[in-house]
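Several structures are given next for inspection.
Heads up, the next two complexes both have chain A, just with different partners, chain B and then chain C.
Then we have the complex of A and B:
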């Protein structure tokens, strides 16, 4: 790891492991502090299905043994942590006996796909717009975008999602209201399916894009103002290079680097916001899985989804921190 | 920017100059005033509304269902009526009453959560920056760890385990996740201030640690503290609304997020009941834009270079 000092790497690794461990522990402790007994919920579900349940005491004891909640807390905790390491969160109680990991694996690609797509779009649009705000040859109209970008940045994506849903799905009916693909399309690698996915994913992605591009644009604007005064830009201008060439190859290229660390700070909020967008669009990702699990009091799923999202967040922050010196050779991490 | 020394000044410039003469106080900049005005407006809506409007209408079934606001028609062709100027929802609740109670509730959760979070942040940030050593290590790592955990997900686990919560309880829970940023910010500021002359002077003259922390250093941090406070109010409200939209949060107290949750669940988008989800959304927008304006205004207070004439 040439550019990364060992002390820094160890420090980041410790933080990463601690983050995951603490998050996993909190998620485990909370339901155990609650007066609600998961075995009784399961029994209640049985009773709701069957009318009355005979010898309920025995069933309760058996359910507790199945769920492993009759064992001492330390044993339970150890089992849970070792399970979480290999993404084993037990079986879903609502979709019994599907393992939680299967449900998550089905939902995760949708969430990651939507996230990566909307991130790429906002990163591109936001940074380009931010750069154009500063560039003295860009049309005056771009400057109007500054307050607009600021206002949009202050709004959480569920609000933009609701507005877009209403205008483009309910009113104009250009896009479908909910879901990740059409009801009559078989999930497979056919053009019809891909088309349906894109059609369904457009609004959720757009609602994230319009509230996050401002964040990148404003950050880029600040960075570009700094780069504008640099000597190498002056030199490039004096050499008579084309302004557009200077903009892309000299200014944006240098200004864009700190934006990547900004990404690390934002990612937690982005994922949480996206979970909510998925919930209102009933998009087949983690957000919908989480919402359905909340409705059904399906604790293993709630825990699993929360754990996986926290894991993704922590890992992304960690990776961005480590990759950064490779992207920008001028930066060296201070040890410690 | 360069137009400053052009003669004659434009109308906007003269107006700005007049404004600056009148309010030579950075705390009275227009952004800050407008932002504060938006939030005060929400509070006044709650206070005055409570006096003037019949709050019994907030109960389910107290009014006809799905009436539109005045001047509009719903899908059944019913016009809006004066008794329910903002319309009613699918459960027969008056939206004006819902908003009068719900909007201040949302603001209350945000303010209370960040007030507590800030207090924790100030305490921990000062301790870490001032005492250093082991204490600093523990607090710094703790803040670094907690800052990557999205509060929403932990709170989802909590609230689905415990069921119904009160507004105050929810604020307390959210407060557990908004202390990290202020802690880091204050720690960094304290570390740099510790080296400054006046603090070292105070130390040499034998002032107590408490005196140095709160009488010498804290006043210099006020604009940062306000900025950080507003940022955490935004985070708290976003988190609270997120929980409410997932159907968690207080179950029996009207909040803006819960109204949106009920509207989505009842298919208000398909039924074109735009006022049901639209009015809470609009009010949340007002709150967020108000907070943004306050934040921009505070930036001008703490960073005088942002104060411009043109």
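Then we have the complex of A and C:
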């Protein structure tokens, strides 16, 4: 903690709490600005499915009570905000009476596993490749990666997913088409289960990796070009330091700081980011949960998932802020 | 050396991942039937069907929970299942149901009238239950009593000859499912999760996750022991979430799925090109089967100028249904001749309407439509008709959730535009459409299927447009009935006949004639315009299993997410 003044830490903690509180309030307000009554929607869904609905007034009243929207706004808000502090977002309206927190806890590990793994892989491969694109001692083959990276970056992950699915799952049948683990494997800390998860997660992860590594590579390339002409790099060369040492210690380490900020922001976004990949692979993570909740107008789930996204984003940025001085010794936190 | 180590480690990881493909399963693929599930099982540990969510269609009511009867869409007959039959009193206010002898729950307990009475009383007394079937029972039933172990008697609040088919016959999607009293007694039905679940069906619950549910055959099933039916051939039934049309196409093309949810014709043809064993309801166009909710153009009869019946009739003349079939549905459905779904069981009523001259042609008669418009004082001025400086225009609200809906309305808009009506599509989000637009009459015209209901008798659909359900614009139409707000002398005459039909026994020989008589008012006033039949193109795979329901093997319809799927599974036979 030596490099982080106490006042700075308190300041950032207060900002963090305020950010989460304001964001949580906004995500509570937005659905309520809609003229649509979620109970009416649920009733409409019944009518859309099979015709007339008997006792519709009674059903409507029951649905409103179940959803808690028959209470005054202030009561609803107070319940929501106090519940959010302990991750109690109430009950799902589409999967009533399942608690939203249960749905989130069922989905979150899958998304975290798939997305964080993909993000780490793309972050390291992408940044390394971006750095090597600029380094004058890189093999010529690496320079070819620029157009390749640009092409892959412009492909939506759903397309790469479908292509990989068609080749490796439908045609070659090396990988399964859907799901997060095998049909006949029960979730447990067993080797069979881990093996099945890796097997099922490979294609979804690859479909994300091949279209996102270009983002990091091209970004890093731009940053490296800026660093390349700096005096300290020229001085290091003049001192006769090894080129690979200069690359890692002088160039990459100085260029990578904005990428780390981007990494922190991406952690939050990735929670909901790959909705379509999760959908086509029937990979039931947070993106799919949010997608289904929006389709079903399941407001408690939408609020719960959004809250978790905000929380993770805010915490990631907070942690990266604290970690900056350790990554770049030139940075000092100043109190206030 | 480092490279060698890296290579070895990578190879080991790859082997680990690839070897996942050969994980053992204890039932062979050829003994397993795999159905597509088009939604996530949000709460795989909850089996209380009386609360909302996916608690039935993941195999529970297709394999484990059996209905009392199953309606045959071809013949209109009720096939006895857990019940043997029923009798009603003369005014259809009392129904006595006889249960089949020898039925057992999968834990060995006898299924009897106590279970029927117990489950019905849950619906009648528990205020916290909001499922459709429980609400319907609550609305219709005054009391239920046990006569003996195999007989239960229902007393209704009002006469209803359709009581059994509406509640216990799998009329549309599901039925009121009887639960085991010995498990449910003492539980709060609004919160009880019923896990592990049991049923009387030939399959028992094996496992479920958010994307699949597995059901294994119970070789001790009561049906085989009593001679009701042989054990079904599949040893295991899986309902697997496919993840969307793209994935389900690949799953069924590669034989990893035996029956898939709805796909477009392009996808179906692509799948069939890769896997010729994949079939559909029809062997050629239109391929798809019709579902019970025929599509229609709903008209708000309180909004000028569409409060004029002749203008509504003009629109009906201008609409070319065959063009909607060919363009919007790419040939996968057929034009509606009346308001009814065109099942074999509805043929007597459809024929009666058509023979009386009230059927709709598939093609348009634009000249006749324009003559009706001009007869109301509108004159063509350039592209559009005008009257007193006002252009004849209409906004058509359409649910934007599906291209099926928006494409249909785009075709209709084009047809009306060409005929001189300034029509415009107003796409709205699903929730707004069903939550605000339709029930409150906040539209001039809209695309819907609110005649949905009749599958073996005419009242369920016709009864939705009677004057008793008329409310002002801005008030919610009760039960989504008569959202057109059709009122006036013709509507009253129509309602009187339909109310008469309501109290007649099913199969009454006079009903088709009464239908035709009532329909003349609908035809004259057009509070809604029937368009086309709803199409469901469901690929079925004959690689491992044959005996799928088709137009040539019509033992029932092919909607395998419904409660009647017991029949489908019993009809499946190994392909080899």
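Note that the second predicted complex is superposed on the first by the 225 of 336 C-alpha atoms of A that agree within 3 Å, B and C clash if a C-alpha of one lies under 4 Å from a C-alpha of the other, contacts with A are read in each partner's own complex, and residues count from 1 in each chain.
Definition applied: a residue touches a chain if its C-beta (ideal position, glycine included) is under 8 Å from a C-beta of that chain, and two chains touch if they have at least 3 such contacts.
Because the structure is predicted, anything quoted here is derived from the model rather than measured.
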- [ ] Look at A:103 in the shared chain and tell me whether it touches chain B only, chain C only, both, or neither; answer first, second, both or neither.
- [x] second
TODO: Of the two partners chain B and chain C, indicate the one touching more residues belonging to chain A.
DONE: C
Open item on the list: Going by the contact rule set out at the top, does A:142 touch chain B (first), chain C (second), both, or neither?
Closed with: neither
Task: Which of chain B and chain C A:179 touches, first, second, both or neither - done: second
Open item on the list: I'd like to know which partner A:94 touches here: chain B for first, chain C for second, both or neither.
Closed with: second
Task: chain B versus chain C as contact partner of A:317, first or second or both or neither - done: first
- [ ] In the overlay, answer first, second, both or neither for which of chain B and chain C A:117 touches.
- [x] neither
Task: Touching partner for A:165 - first (chain B), second (chain C), both, neither - done: both
Task: Which superposed partner A:154 touches (first chain B, second chain C, both, neither) - done: first
Open item on the list: For A:279 in the superposed arrangement: first (chain B), second (chain C), both or neither?
Closed with: both
- [ ] Check chain A for residues that touch chain B in one structure and chain C in the other, and list them.
- [x] 35-36, 162, 165-166, 169-170, 177, 279-280, 295, 297
TODO: Using the touch rule from the top, collect the residues of chain C that touch chain A in their complex.
DONE: 16-21, 23-26, 39-40, 42-43, 46, 51-54, 127-130, 132, 135-136, 138-140, 172-173, 190-191, 207, 209-212, 214, 238, 240-244, 246-247, 250-251, 253-254, 256, 292-293, 430-436, 438-439, 449-450, 452-453, 460-461, 463-464, 476, 478-481
Task: Residues of chain B touching chain A in the complex - done: 141, 144-154, 156-158, 160-163, 234-235, 238-239, 241-242, 245-248, 260, 264, 269-270, 272, 274, 277-278, 281, 284-285, 288-289, 291-292, 296
Task: chain A - residues contacting chain B, complex - done: 14-15, 18-19, 22-23, 26-27, 30-31, 33-36, 150-151, 153-156, 158-159, 162-163, 165-166, 169-170, 177, 268-269, 271-273, 275-276, 279-280, 290-291, 293-295, 297, 299, 302-303, 305-306, 309-310, 313-314, 317
Open item on the list: Going by the contact rule set out above, which residues of chain A touch chain C in the complex?
Closed with: 35-38, 40-59, 62-63, 66, 92-98, 102-103, 106-107, 162, 165-166, 169-171, 173-187, 192, 195-196, 198-200, 202, 279-284, 288-289, 292, 295, 297
